[in-house]
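Dumping the structure here so I can ask a few things about it.
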Amino acid sequence: MNTITLTTDFGTRDWFVGTMKGVLLGINPRAAIMDITHEVPPGDVRAGAFALMAACRYFPKGTVHVAVVDPGVGSLRRAIAVQTEDYVFVGPDTGVLSWARAREKIKTIRQLENPKYFLKTISRTFHGRDIFAPVAAHLSRGLSLKKLGRELKDFVRLPWPKPEERGGTLCGEIVYIDRFGNAISNIAAGFVSGEAKAICEVIGKRKMRCVWAEFYGAAPVNSPVAVVGSSGFLEIAVNGGSAAQRFGLKPGNAILVRTN
Amino acid sequence: MNTITLTTDFGTRDWFVGTMKGVLLGINPRAAIMDITHEVPPGDVRAGAFALMAACRYFPKGTVHVAVVDPGVGSLRRAIAVQTEDYVFVGPDTGVLSWARAREKIKTIRQLENPKYFLKTISRTFHGRDIFAPVAAHLSRGLSLKKLGRELKDFVRLPWPKPEERGGTLCGEIVYIDRFGNAISNIAAGFVSGEAKAICEVIGKRKMRCVWAEFYGAAPVNSPVAVVGSSGFLEIAVNGGSAAQRFGLKPGNAILVRTN
Amino acid sequence: MNTITLTTDFGTRDWFVGTMKGVLLGINPRAAIMDITHEVPPGDVRAGAFALMAACRYFPKGTVHVAVVDPGVGSLRRAIAVQTEDYVFVGPDTGVLSWARAREKIKTIRQLENPKYFLKTISRTFHGRDIFAPVAAHLSRGLSLKKLGRELKDFVRLPWPKPEERGGTLCGEIVYIDRFGNAISNIAAGFVSGEAKAICEVIGKRKMRCVWAEFYGAAPVNSPVAVVGSSGFLEIAVNGGSAAQRFGLKPGNAILVRTN
């Protein structure tokens, strides 16, 4: 259990992430510390939850995943650790851990309250460094979750927008825009596979329509295309361009898949 | 002594930092190389000095901290290594190391002049790769600083703006704006702790006033708030927004704390 | 053979790179994974090729270099691995590997077609994670390239613009703009060394002329200067500023060196 991942909204412009790594190495010098991303938009719990969900299962069993998107740092939101069959998740109970854990069988949830595993001085504004990093480092060395605090029955679950079937049309929504401007939806691959002739409509700033393809380059250059993306969800792309920019797509936009 | 940190203004867009890591690993394959930040604004020695100061003490004893903000690369500024009680600092003598070292007991300062520990070919524009990385890697393997060059009596010390007390008002200044738009001042926590009723005024583009709180979320959403930040200094924040953007705050702006 | 480098256009805003690292560690937990850059402009094969060329030879012998700039992901372009005297290169056969390999003696080129060394499920949009990362991890553990697939005679070679001599003037072009706004040309150091009095002209938006110097700071502040940069090529810089911004320089602009 020596790999630790970090998913935060701290950015890489300042010293915040570096400082967390210092704390991690101070406790577990042999940890392999891997960044998932630190560019989650500040306070955007859903974007952080999506990134963690998309990446976590590609890491080896036993990895400790730390995710800190924490608009309420210093307030009364709880700090938690969750043991699943394959991983340990550590972070604030803001929902940022919840989509990743939805796929995992949960063994135990613990509140982080034992100061023995925190830094000695706890700031009110940087629990990533003072609480989550030291706890994660101890866990990566094999510390039992029991030592951290009381068992919890549940944690904050971010609602996952489920696609709905309405009269031959599957209605979903855009949940994430990636760096390439691809608009990733909540419609999982299983819902749409094999429907090669499906037509996909997105209602953003204006309505746009696109055909289905197996990969980005299968559409004409600069044309919109619907593909099953690498995270396993239907996404809207533009071959050689940004779908989000071109069509003004945003999280929350409706996406309709018609199979007639 | 196997952890090496990097603080630079090289950015991550090009290959500069990656190249330094290649050099480090070539000499010390077991080094744990950690980025503090590479997004120091180009040539901004003060911002680099602040980042290093804020992060360095969270790393394990024996860490080699490399900081390269070096507007005068290739010119006659010296290259130095400094052994303190806990760390070794390596970089150009531009002042970028000086705020971090202010907190550390200095044991020896050496000029980097022994080419045995440099790359064989030294460019005039990239000493981070050709001098600082190889020296740091050798130091992380236990090389004595004595081997590097002559002992120096002193190094370039960046002036640290000290807050002043004037008739019941503590006068400081903004020294750093972080990614969240929090404006970090030079007023250390010790000066202001316990003054729960203190009023804080910042004179930027226009004068703004804010109350004191224990953490960001304790202020109303979108309201300015003065908190003791995680780096141990008073900072001005906006709950859920960017104080720098909203009030036009910049390094150098005066910040006044009144306790009446 | 335990160091693996990554050069991509995936950015660091999403989870793509983190996911590749998860896959790498799952197969080779002892790999030292180093980022060269992930900020190659989306689909810009030349920029990726230049970054890899500039950085790769600073890594220890045996390093596995993975480069993924892959506008045609999912289409029929080949996936390849190349063994040179010092390194192994892995990536799509888009030309992104070709400038780096131009300096290396090639031992064998293999097509990646043995699914035993891929992830079990291959997406059509993210071969970085599903093919290149697992292959690189196996190679870093010592897998012979023979196991990967058939031997290839050649690979896609990106044309390298060679500078031309015309009547006492060396005519080259800008090939890369770095984060500092330095405009790096295709004119190698060997062509220009010692010509201290050379005058350099760049024809961008408008014609600009600059003198030669040994390093950036040798020119007056805010003046343009031609130097031999750290990647071994002539570059145009502005002391304390951005040459690209100030003079509107772009890749493809002509650069003329006159020695009269």
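Labels for the chains are A, B and C, by order of writing; each one numbers its residues from 1.
To be clear about the criterion, contacts are C-beta pairs under 8 Å (C-beta built on N, C-alpha and C of every residue); 3 or more make two chains touch, one makes a residue touch a chain.
Quantities reported herein were computed from a predicted structural model and do not represent experimental measurements.
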Graph class of chain-chain contacts, one of line, ring, star, complete, other: complete
Residue-number overlap at the chain A/chain B interface, same or different (half cut): different
Rotation angle superposing chain B onto its copy chain C by C-alpha atoms, nearest 5 degrees: 120
Between chain A and chain B, centroid-to-centroid distance (C-alpha), Å: 31
Where chain A touches two or more other chains, by residue: 12
Touching residues (chain side chain B, partner chain C) in the complex: 10-19, 21-23, 25-26, 29, 33, 42-43, 71-75, 123-126, 129-130
Contact set on chain C toward chain B in their complex: 2-3, 5, 7, 12, 32, 34-39, 51-52, 54-56, 58-60, 63, 178-180, 214-218, 227-230, 240
